Amino acid sequence: MHTQGRDRTALTQPADEMSKSERPNPLFRNLNAKVASIPMILTAGVVFVGGTLWTVLYSFTNSKLLPRLNFVGLDQYYRLWVTPRWLISIENLLIYGAISLVFSLVIGFLLAALLDQKIRFEDTFRTIFLYPFALSFIVTGLVWQWLLNPDFGIQHVVRGLGWESFSFDPLYNSSIVIYGISIAALWQGTGLIMCLMLAGLRGIDEDIWKAARVDGIPMWKTYLFIIIPMMRPVFITTLVIIASGIVKVYDLVVAQTSGGPGIASEVPAKYVYDYMFFAQNLGQGFAASTMMLLSVVIVIVPWAYLEFGRRK
Amino acid sequence: MTAANGTSVSIQNLSLNFGAVTVLETLNLDVANGEFIVLLGPSGCGKSTLLNCIAGLLDVSQGRIFIKGKNVTWEEPKDRGIGMVFQSYALYPQMTVEKNLSFGLRVAGTPKDEIAKRIARAAEILQIEPLLQRKPAALSGGQRQRVAIGRALVRDVDVFLFDEPLSNLDAKLRAELRVEIKLLHRKLQNTMIYVTHDQIEAMTLADRIAVMKGGVIQQLDAPQTIYNRPVNRFVAGFLGSPAMNFIDGQVAAGTAFKTGNVSIPLDRYAFDAAGNSGGPCVFGIRPEHVAFGEAANTMPFATDAAVEIVEPMGSDTLVWTKLGGHNFSFRVEAEKTLRNGEPIRIGFDPARASLFDSQSGNRM
Amino acid sequence: MRYKLLTAALAATAALQFAGPAAATDLEVTHWWTSGGEAAAVAELAKAFDATGNHWVDGAIAGSGGTARPIMISRITGGDPMGATQFNHGRQAEELVQAGLMRDLTDVATKGKWTEIVRPKSLLDSCTIDGKIYCVPVNIHSWQWLWLSNEAFQKAGVPVPKDWNEFVAAAPALEKAGIVPLAVGGQAWQSSGAFDVLLAAVGGSDAFLKVYKDKDAKFAAGPEVAKVFKAADDARKMAKNTNVQDWNQATNMVITGKAGGQIMGDWAQGEFQVAGKTAGKDYTCLPGLGLNEVIATGGDAFYFPLLKDADKAKAQEVLAETLLDPKTQVAFNLKKGSLPVRGDVDLNAANDCMKKGLAILAKGAVIPWTDQLLSQDTQKQKEDLFAEFFAKPELTVEDAQKRFAALIASAD
Amino acid sequence: MSMANTNAPTIAASQDNAGPYGPKPRRVFSRRNIFLYGTLFVIAAYYLLPLYVMVVTSLKGMPEIRLGNIFSPPLEITFEPWVKAWSTACTGLNCDGLSRGFWNSVRITVPSVLLSIAIASVNGYALANWRFKGADTFFVILIVGAFIPYQVMIYPIVIILREIGLYGSLSGLVIVHSIFGMPILTLLFRNYFSSMPEELFRAARVDGAGFWGIFLRIMLPMSLPIFVVAIILQVTGIWNDFLFGVVYTRPDTYPMTVQLNNIVNSVQGVKEYNVNMAATILTGLVPLIVYFISGKLFVRGIAAGAVKG
């Protein structure tokens, strides 16, 4: 793709240079493309950049219910970083992020590898693994809250079978609640990852597999040393998709625990929302937003630049 | 059952079905030690499938496969003593050339110095020493295919399998590598089984060619035999470029072939054992076996014709005319200049022709 | 402020654009009353309003005030205001009023002599900003109740407690009988509210005002509040097996005898009523936890965003009058389980608990509630603290009090 | 070769001194198969369990739910909860269940999907084939935008919508969905169009086709797989949206998810789990059907749009 992009530029450039005398204003070069991109430019410029700058600006104010330009310096940030709930949110996001990332990739890849073994009923299995992705986080959260409720759900059923001391209440136990939330997240999200991985596996030249068999390389080694390295682009796409989901995690927590028990399963996006709207302290919410944006920028921009920027 | 001393690969009664579809049908093939066999045929004829069966990459439905006298029908590919080269090279893109060559050996637990020795030898033979530390992406197509061959080479095996190895290369490189493979074969004296749809590769490389169609070997013979005495119309048409002329007509009991107002005497034609029963048939003669002008008159058969189209091909020129109402082409030296519509005389020796039964397509 | 003007102007133009003409005026009213008792109560308001020839368009937003308020505020500031909206009276809508987005009701209030009929007076005060009245209080809600299940105590073989201390003493017996002593739902506002009630009951009204009104951090760190934290510690131990989120699910545990009691506002009474339970017979209510019989004058009020549509503006006035109509007040508050905002209504139909509340109100044992005293920001921080405190046994009483004091020090 | 026809039949072949004959024997219950299918079935059970519980619960009456366990099939099947969820469940004073929300969701989803895909496909095409100076910058911003939590953008968007006078209207919500759908969709389309053969584009340009001509007549007809993916992603995303639906609309245009939340959270006494589950399934039905029908195309399209990137 990137090489093509380069070629394409090479193709259009000389033509443009030749006709330079006729088209003095570079603004009108590719005019149609520019006109067509107006929605994108507006979205990127006004909504994303504008909205972000606006948010950052107001994070230095003491805006309450309504945004006001009453600057208080870094006060909101000082407060943010001594608030236990924010610290817990960050910690939870890191745990949740690590779990999502590792397990989504591993499970997604394993499922794809299993489905790639020329099995029967592949379509059926794939549909089963993918269908949760069609459900919203609200629905996912509700169902899993129900399944994990110790009074009705799995714990109740297992105890009913005679194992009285069985305990499985991840959503009601502060120390493991974030793991409990991940169960539902993985249920919902791994299907898509599997699809991406499967598409990646199917894109790999059959001959590579044959060559590895002739070379006598065991299947797991073939996957590990040959196939996975070859799927680097797929892994990157997948990583980006998972990562963007992690930062945004909100509905799932709200639907399952509302941040509870206590504040044990709070996440940053919920902190932002709660402080902006429940607490009517926009300044604090914006400060938290800014921290989130900052972390996104630190992680994503270098990647996006490498991926899309340098190949001009 | 014991493979003869000289037999390297022996395929017995091999069949392969995918469900109701028969891909290979009761195939038998013996490949002698050090022989270069080319499996030739159009796409879908089963030639690659047969190669994959020999390699053990496909499970057979019926039959046995012997390599070096050992029944390997149920063996894993790695235990069959084969090396394989693929059309798409199938190099491991994240590894350097050296790692590509050594990976299989290291997995198999070959001692380090032995690996180094084998790689050095392969690299020397293929002249890829300067490339050892590069990754496949940094190699040209020809270099990649050399590395792919090297990967088969280091396995130190008796039988090399090539699956259309040159198809992804441009014409010039293909010609170069063709020669290299031939040299390689001469140097190594290994058994090689080579799949291609390119008749020039087949003709130039093979000790024997197996022409395949519809999962069946049509003819297995030395290139010249296949070229000169194709067993059926398919083989005749598939080999040779420009293609053989085919003329529909009748053969009157062993005497002559008739089409339109033309009658070609067949007294010099060597009929097959089955003999000549007469009836509708197809007469085939290769363009290069047709004489022209003065020389035509020395031939057992000669006739008048008119030039219709002239196709200069550089080394020679292909001339199209009509014979008995059928399109008919022949070759002349490039120096000859002919104009459209120019009357000419052409002739040939029916002994070099092929006659096929219209119904079965078999040689008569 | 330029911004305010702009907002107001835009809100006005937007309202003009989107409010189409209507014969019988439709007025959209947003609120977060969606539980059984609440929905029945709001139906009374709608009935009364529809009877005036207008039409109540119900805009209920489920969840709680926490879910609904952001949506309401977004719509008002976004220039798509509803006809009227519920807030807890107090400081929730302060800034909307200051930004000129809400309607000044002083004229209507003068006409209806609100200053005379609304009681206690502090209710109307919380609707008043810079001398102008911006909201209509509809009820008095008091948080300070302990609801006890008679059935649960019977099963545990202990008498129904008369105050908080007896209740704590009875907890082991309840637990032994497989009953959760105290039901506290998982939502943060419930644990925070329970603490406030304990502060007012165990600590007393003065302590409550010292902490929340005077924001005396030193006092909040002192021994008197430590006592309250000790009580809160008891409460969290008693509540540790409550596996529900919503307050009415917790109430339902009391109704069904699965829990011994619940500290909850008088709105819980609506649930008992819907379940067909009788005060005194099936359940017992202890105002001020039986320790300090006070009533806080929190409650709900309706605010009216500024609309330019004349018909709608007229309808807003009609609704404002309707809400304070004596008949509406009675009908609404009986269903809601809250106390009416006017003293001159006939409440013979009220049940035991309500009568207790009325008596306390008559005595004047009234304190303002946190909604009036604290900003939402402080309230939220408080909720976070007590949500954590109730859910996390490792958070010690001392640490929690220290954090509480710090919070009060920075409160506004 | 002469002994070709003397071979014993397959079954006896292994006894034949010639050794193995025919296909390598594979037991149906080989270790590999047991492991493979065993794993698949266990995982499939994990994925299906919630759906099973949802369906089973929605068909039970409340007394049965209180007594039994959540996995047991209903003793007495009742469709009451479904009827209630669809048409009579209450939020506040409105007791018309999800039915109203369904049509609202349709009215929101259809134009949002169409508009967002129209914009994103043109974006992707412009980025892939008509790069102009600065285009990449906007694209990178867009991609970073994909990571911004929606909560962060709620307030600025309220202001933007207010400024253009679309707050609270359906068109406003459609625009919001188009904005937030843009990053991922643009990425997909850009990758897809980039992987199309260069020659097509060149040939069309030589033929004198312009920006729109090439897009409409060359690119679009070849883009079915990626459009399928885009439609699936957008239909599910927009149909499942809760946050925008609740913040940027008014109660009479609330989408189904908001009504679901209202029904589930409007607890009247005991939580009616059966009604909640029925409502949950009803709400998820549209995207589920979309997936069941087009699952295969989805995988293929993903391969074309995402993986080649």
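Think of it as A, B, C and D in the order they're written, each chain with its own count starting at 1.
Here, a contact is a pair of C-beta atoms (placed from the backbone, for glycine too) under 8 Å apart; a residue touches a chain by one contact, two chains touch by 3 or more.
Just so we're on the same page, UniProt names per chain: C = Probable sugar-binding periplasmic protein; D = Carbohydrate ABC transporter permease.
As the structure is a computational prediction, the values presented were derived from the model and not from experiment.
Just to be sure I understand: going only through chains that touch, what's the smallest number of steps from subunit B to subunit D?
1
Starting from the Cα centroid of subunit C, hunt down the chain whose centroid lies farthest away.
B
When the C-alpha atoms of subunit A and subunit C are each averaged to a single point, how far apart are the two points in Å?
For subunit A versus subunit C, the centre distance works out to 38 Å.
I'd like to verify one number: the distance from the centre of subunit B to the centre of subunit C, where each centre is the average of its C-alpha atoms, in whole angstrom.
From the centre of subunit B to the centre of subunit C is 91 Å.
Express in whole angstrom the distance between the two chain centres, defined as the mean CA positions of subunit A and subunit D.
Roughly 15 Å separates the two chain centres.
Find every residue in subunit B that makes contact with two or more other chains and list them.
As it turns out, subunit B has no residue touching two or more other chains.
Going by the contact rule already set, what residues in subunit A reach two or more other chains?
67, 273, 276
Check each residue of subunit D and list the ones that touch at least two other chains.
Counting only residues that touch two or more other chains, subunit D contributes 154, 159, 261, 264.
Which of the chains are touching one another, listed as pairs?
A-B, A-C, A-D, B-D, C-D
Within their complex, state which residues of subunit C touch subunit D.
Subunit C reaches subunit D through residues 10, 13-14, 17-18, 28, 30-31, 33-36, 39, 42-43, 46, 56-63, 67, 70-71, 74-75, 77-80, 82, 246, 248-249, 252, 255, 271, 274-275.
Given the complex with subunit D, which residues does subunit A contribute to the contact?
Result: residues 1, 4-5, 7-9, 11-12, 26, 29-30, 32-34, 36-37, 39-41, 43-52, 54-55, 67, 111, 114, 117, 119, 123, 125-140, 142-144, 146-147, 152-153, 156-157, 160, 187, 191, 195-196, 198-200, 202-203, 233-234, 237, 241, 243-244, 247-248, 250-251, 268-270, 272-273, 276, 282, 289, 292-293, 296-297, 300-301, 304-305, 308-309, 312 of subunit A touch subunit D.
Per the contact definition, I'd like the list of subunit D residues that touch subunit B in the complex.
For this pair, the touching residues of subunit D are 1, 3-5, 7, 10, 17-25.
So in the complex, the part of subunit B that touches subunit D is made up of which residues?
Residue list for subunit B touching subunit D: 1, 12-13, 26, 28, 30, 59-64, 71, 73-74.
Taking the complex as given, what residues does subunit D use to touch subunit A?
36-37, 39-40, 43-44, 46-51, 53-54, 57, 65, 69-71, 119, 122-123, 125-133, 135-136, 138-157, 159-160, 178-179, 182, 184, 186, 191, 194-195, 198, 201-202, 210-212, 236, 239-243, 257, 260-261, 264, 273, 276-277, 280, 283-284, 287-288, 290-292, 295-296, 298-300, 302-303, 306-309
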